[in-house]
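Chain nomenclature is as follows: A, B, C and D, assigned in order of appearance, with residue numbering initiated at 1 for each chain independently.
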C-alpha cells in the first residue's frame, strides 16, 4: 500500500486500513475524470509553453491522458481505492504508461488547486445541462398557460377559495419561480468562472507559470487573485447547493399542488399512467408517486446545503481535509435537481385537466364574494359596510344551503336595496378575472403580457 | 376584541385568547413602521392621482400617517397587540384620527401585497447599512495588509505549518471572502428591487391603479408581473438569509483564527482590552469573547435560513399564514450580521501583532522544506527523489533536535552532494515568499496587486 | 462601565460599546431569575453547612436574594445591561444591598457551573408544564376518538382514498405521536436531572464543598462526575430542541390535515370561529390561521435545533463563550411548543365534524376495492387475478360514470361469475372496518383497546 | 417493463423512464435483504400457523427465501432496477422459483408495513455493532485516562489557559460524552423494538393473523397498536439520525482538539504514521487527515437529520411516497458513525503524548493564578482584592518577561505582604489539581472514582 503513496519519505509506518477507508474518495470523485484530464492537459500545455516541460514531454503527457480518458469512458479503466482519489489514480496510471515524464505533470501544481479547478469546471458544465432543463420546463409551462388561458379555477389563500383566477395565471407562477432559479444558477456559474489553478498548495508556486494562458485554454473569465483564498474557498459550491435547495422548495410546492389536485376531493387534474403507480394490494389506486418523491427530495437538497455549511463552520485557513466533504452533497444535489426537473416535465407534459371540476369548485363556493362587495361600493356603500353585508349573505347561503350563485335577486335585495339585475355579471367568475386589469392581474390581457415577457427572456 | 377586527361580518364568535397570542406579530413587525408608512403614502398618492381618492383625502391620509410616523419615532405611539400587526395598528390609528377617509387607504390593496412591499423595502434599506459595514471592513483589512506586508508568518494547511506567507496575504483572504459576500448582498438587493404592490389579495385588483407610478415613487427598478406569485414569493427573504449564513460562516472561520492566534500557544496577536473580558475567578484571564460569540452566532444564521426553508416546504399557492414566520428569522439575521461586522471591525482595528512569535513559528518548524526540495530539483535531482531526501532531513532534524534552519551545511551534504552555500538563501522564509511570483502568490509584488485591485473595487 | 466588572484587575482599558452589545444577554437570560436565585440559596446553604459561610452570612444572603426575587416578580427590579447577564445583575444588587457578604456567595462557584445549573433547572421545570399540555391533548384526542368511534371516513395513502377507517382510529394516530413525544420529553428531563454545580470554572474547586447536600436541596437525582464535561456539555439542551423539533413535525402534519379538511374540497370539518380569521378584503373567508401558523412554526423549531448543533460543532474543551448562544433557541422552542400545543387543543376542542362529507368521500370513491378483491380470493380466485378484475371494474365505473357502490350485480357478474348477493355487505365501508380485526386495525374492538391502553398510560 | 409490475390492472400505459429512475430504490435498499427475508420467513410461518398457508407452502417459501439469501450473500443474485425495490426483487425471484405459492407470501401484508419492519430490524441490528464500538472506545479512553493519570496539562476555557488539570480528567470528558451517546442509542433501539408488521396498507388486514406470534419470532418487545400510525411513523429513524448528529458533534470537538494538539504550536501529541498522511509537494508534512475528516463528517450527519425532518414536515397521513427518502440518510449515517468511531479508536490507540510540551504550557502561562488568589484569601485578604493583586502580578510578569513561576518571593511581597515561603507549593500545578477535591474535580482521587464508575457502567 505504502509504496503507492507519493509522500512517504518521512513516514516509517503505513497508514492503517481505517485511514484508507475514511480517506478514500475515488468511488465518488471519479465523476470528475473529464474535468481532471481537461485541466491537466491545459496545465501541461502551459508548462510546455513556458519551457518548464519540453514539447515532447507535453505530447507524451497529452497522449497518455487522452488514452486514459478513453479508457474511463469505455469502462476499461480500473480504479484503485488505495490511490485515494481520481487525481492520483489518473496520475499514477499516466506515470505507469509514459514513465517519469508523467510525474512532471504535477510540477507547479498541488492537489489543493487541482481539485478546486475540477470542481469549478464540473459545476460550470453541469449548470449548462440544468439551465437547459429549466428553460425547457419554463417553456412547457408557458405554452400550457397559453393553451389553457380560458380555463378558470379558484385561486386560494389559506387553502380556502379566494377569488377566480385563470389556470394560465396559476401555472405561470411556477414559470416565474423557475426563472428566478435560472437567475440564481447563472450567478453560480459566474461565481465558478474564475481559474483557481496556479495557487499551488497555498502560497503560489516557485515556477514562472502563465495563469492567463491556462485561463484562456479552459475558457474562464478571470483568475483568482489570492492563492490562500483559492485553496480554502468553497463559496461557489455553497452557491450551487443553495440554488438547488430553493429550486427544491419551489418544486415541493408545485408537487404539493399536483398531489392535491389529483386527489378525488379536488379532482382538478389527472396525472397520466406514465407518472403514477398502483398498489399491489389496492386495485383502485393511482398514486402520484413522482410528485410525492420530488416533494420529498426537498429534504436531501436542504440537507446537502446544511451539510457543507456545517463542515465549513469554524475552519481555520487554508486547506483542511474536511473540505473533501464538499463533493458528495454537490454530486447528490446535481443528480437530484436533474431528476426532479425531468420528473416535473414528464408530469406536466402528460397531465389532463378537468375543467368541469374546476368550474364546480368556483360555483360551489363564494369565489366572487369580493366582487359583490366591490359592487356595493361602486353603488356608494362604504366598503366596511358592504363587506359586512356580503358576509351576511354568505352566512345566509350556508345556513339555507342555497348556492351563492343561485341566490335570487329578491333575496339579495333583502340584504341591500342596491342590488339590481346587473349583479349577475358581477358574480360571474370570468367577468371577475377580466376586472383584474391591474398590471400582473389575472385578466386575459395581463396574462398574455406575462407570456410574451417570458418568451422574450427564454429566447 | 372582536369589534377591532376588520373582517368580522361572517363570524358569530370572537377569536380565542390563544388565537390572539399565536397570531400576534406587532411585537416584532412594528420594526417595519417606516416602510409601511412610506408605502402607504405612495399608494395613497397613486389613488389620488388616478382619481380613486380625492386630493383632499390624500392630504388628510398623508398628514395622518406622517403624524403617526413621528409618534412611533418618538416613542409616544401605543401599539395594541389585539390589532395583530403593524399594518392594522397604523390603519386603525389613522382611522381613529381622520375618520372614514382612513379606511379608504386600503382600497385596491391587501395585506398580502402590503407586507410583501414592506419586506422588500426593509431589506433594500438594511442592505445599504450592511454594505457600508462590509466595505469599511474590507478597507480596514486591506489597509492592515498593506501596513503589515513585510510581516511573515507560517501559512497552514491541515493546521500544520506549510509554507511561509506574508501576513498581508493571509489577511486579504478575508477581504476576498467579504467581497464575495458583498456581491451576494447586491444580488439580494436586486432581487428585492421589484414592486409587489398592486397584486391585491392574489389576483390583482378591481381598480384602475397605476403600478408604474408607485414604482417610481418608491424607487423600484421594476414591477412584479404575476399577482399570485407576488403574494406567495419569499425567495428574496431566503436570498438574504443565505447571504447572512455564508457571511456567518466566513466570520466563524476568521474568529476561529483570532481565537487560536490569541492563545498562548500561538501568541501571534494580542486582542485589545476593548474586546476581551476577564474571569471573575481566574485573575490571569483575557478571553476573546467577542471572537467566540461571533463564531457561535454562525449557528443562528444557519438556523434562520433553515427555518424559513422549512416553513416554505410544500406550501400550496398562494398566500398562507405560515408566511408570517418569515419575519423573525429575517430580523434576527439582519441584527446579527450588523453586530458581527461591528465586532470584527473593533477587533481588527485594535489588534496588536506579535511579529516575533510569528517568526519563531517559521523558524521552529520546517516552513521552507518545499523550497529545499525545489532547490535540489533545480540542481537536477528528480522531484520524487528530492522530496524523499528532504523528508529524511526533516526526520534527522526531529530525531537529533537540531532546528531545521540550523543544520550545518556539512550535515546536509550527507543527505545529498548537491547542497552548497547558496542553500541558506533558499531556506530563508522571506526569499521563499518572494519566489512565489505566480499571479496571486504571496510575493510582495503580487500582494500589492491585490491591494490595488481591491481598492479599485471599493472605490 | 468598567468598574462594574468583577474581573478588571489585569485590564487597562474598558471594553468597547460593541463588546457590551454583543456580550449582553440579560435581556433574554433574565428569564432564568427564579432558577438562579433558587440555585444560589441552595449553594449558600451548603457553604454555611460546611462552614465556609457563617450562619449569619447565609441568612443575610438568603434574605437579600428573596427580596430580589420579589422585586423581579413584581417588576420593580431594574436590570442593567452593562452587568451582562442575569447572574451578575442579581449578584451586584445583592452586594449593593447586603455589602461584602454578597460577594461571598460566589465562593466555590463559577459562572460556568452556575449557568449550567440554571439551564438544567429551567428545562426540568418547563418540562412539567409541557408534559401537562401533552397529556391534556392526548386525553382530548382520545375522548374525541371514543365519542366519534362510529364516524367513518376514507383512510388515505399518497393522498388517494385507500380504505375506510374509523375517525377515532385516525385521530388516535396523533395520540400515539404525542405519546412518543412525551417519552422523549421524559428522557430530556432525565438527562437534565444531574446537578452540575460544584464543577467550578472547569477543574473543580479549592473548597471542601458538599455537592450531595446541594443535590438534595435542589431535588436532582445525581451529580455530574467530571467537572470539565460539566461546563462544556449542552447535550441536554440539544435533547430538548430535538424533542421540540419532532413534536413540531408531528404538529405540522396534524395541521396540514386540519387545513385540508377545512377546505371546501374536503369539507370534513369546520374549525370554530374562535380559531379562524377572516379577510379584510374577501367577506367569505374563514381562514384556518392557527393551523397554518403551527404548521409554519415547525421551521423555527428545526432552525433552533440546527442553530445549537452548529454552534457546538468543532468547539474544543471546555467552556467557550460560544455556548451563550444556547439560550435563545431554547427559550424560543419552549415558548413555541407551549403555544402550539395550546393552539391545537383549542382547535380540536371546538371543531365540528361533517359526517356527511366524510361519508360522501367514502361512497364517491373506490374505498372498498381491496375488500372486493379479497372477496374474490375467498371465492377461490387467485389474488393476482382478483386484483386485476377489480382494477377493471374500477375502470368501468370511471368510464361509465357509474358510482362504484351503485354498480348493479349483473354488471359485476360480467367481470366475474363469482359475484353474488353477499357482495353488498363486502362493499359496505363499515363492514370493511370491522373486518380489520388484526391487532391495531381499524375495527371498533381494536380501537377500544387502543383507547384503553392510552388511558392507562395517562393515568 | 410493465408486466413486471404487480399493480397494473387499472393502467393502460407503462410508466415512463423518468418514473422508473426517480422511483427506483433497489440500488440502495438492497442493503435490507437480510431483514426482508428474515421478516418474510417469520410472516410466512405465522400464515402457516394460522392456516392461511399450508405447511407445504410455508416450507416451499422458506426454502426459496433461504436460497435467495445465500445468492445475495455470495453475490450471484442479479438485481433488477425495473422491479423498483428490494422487496419486489425478492418476491419476484421467489415466484419465479417456486411458482404461484410465492405470490401468497404477500397475503395479509403490504409494502407499507413490510418496509417499516425491515427498517426497524435494520436499526436494531446496526445499533448492536455501534454499541460495541462505543463501548470499546470508552474502554480505551478510560484505560488511557488511568495510565496517564499523572500527566498534567493546562485546562482551557475560551482557548486560554485556565487551570492545571490531569490528562486523564480531560480524556474522560470524551468518555462521558460517549456514554450519553450510548444512552441515546439504547433509547433508539428501544423505540425500534416494536413490531409494525400486521398494519397492512394502513387499516389492518382482512385476515385472522397472529401478530404476537410474529413478534416472538422476530424478538420484538411489543407490537404497534395503531395501523395508520404504524405505516406513517418514522420517528425511530429520526431518533437514530439525531443520535448520530450529536455523536458527530462530540467527535468534531474531539477531533478539533486532536488537530490542535498535533499542531507544532501545541505539540501535545503526535498522531502515529498510521493515521496521518503526507503531502506530495511539502516533504515535511504530517497531516492529521483522519481527525479532519471526522470533524468534517459532522456536516453530513447534521444534513441527514435535517433531510428527513424536512421530508416529513407537513405530510398528511398515512403513507406517502415521500417516505422513501428515509433510507439514504439513515444508511449514510450508519456508515459514517461506524467509520468515525473506528477512526477515533485507531488514532487514540496509537497516539504518543508529549508530556514535556504539556508541562511547558503549564509553566509558561499563569495556570495557577487562581490558586494564588485563593492563597491570599486564606491569609485573610478579601477575594475581590486578592483577585486584583494577582491580576497585577500577572501584568508584572508579562511586562518584565519574568515567567510567573519564577517570580522571586521578594518581588511577590511587593504586591502583598502576605506572601511567604509556602507560596511555592501553591503555585505548583500538581498541588493545584490535588486541591480540587470536590466531587468530579481533577484530583487523582476523584478521577479514580470516575474510572471506577465508568468501568461499572461498561461491565
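Note that a contact is a pair of C-beta atoms (placed from the backbone, for glycine too) under 8 Å apart; a residue touches a chain by one contact, two chains touch by 3 or more.
Remember, it's a predicted structure, so these values are computed and weren't measured experimentally.
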Path length in steps (a step moves to a chain that is touched) from chain A to chain C: 1
Chain pair, A-B or B-C, that carries the greater number of C-beta contacts: A-B
Rounded Å distance between chain A and chain B, as computed from the means of their C-alpha atoms: 24
For chain B paired with chain C, centre-to-centre distance based on mean C-alpha positions, whole Å: 32
Per-residue overlap in chain D, given as positions that touch at least 2 other chains: 6-11, 106, 157-159, 162-163, 200-201, 260, 278-289, 292, 295, 298, 302, 306, 309-310, 312-315, 320-321, 370, 387-391, 394
Partner chain D, residues of chain C touching it in the complex: 6-11, 100, 103-104, 107-108, 112, 155-159, 162-165, 169-170, 172-173, 176-177, 180, 187, 191, 198-209, 211-212, 223-233, 235, 238, 242, 245-246, 249, 252-253, 256-257, 260, 295, 298, 302, 306, 309-310, 312-321, 370-371, 374, 382-384, 387-392, 394-395, 433, 435-443, 446, 449-450, 453
Residue ranges of chain D touching chain A (in the complex, touch as defined): 5-16, 18-19, 21-23, 106, 110-111, 200-201, 272-290, 292-300, 302-312, 320-325, 328-329, 339-340, 342-343, 345-346
Residue numbers on chain A that touch chain C, as the complex places them: 157-163, 259-260, 262-266, 278-289, 292, 306, 309-310, 313-315, 361, 364-366, 369-370, 372-373, 387-391, 394, 404
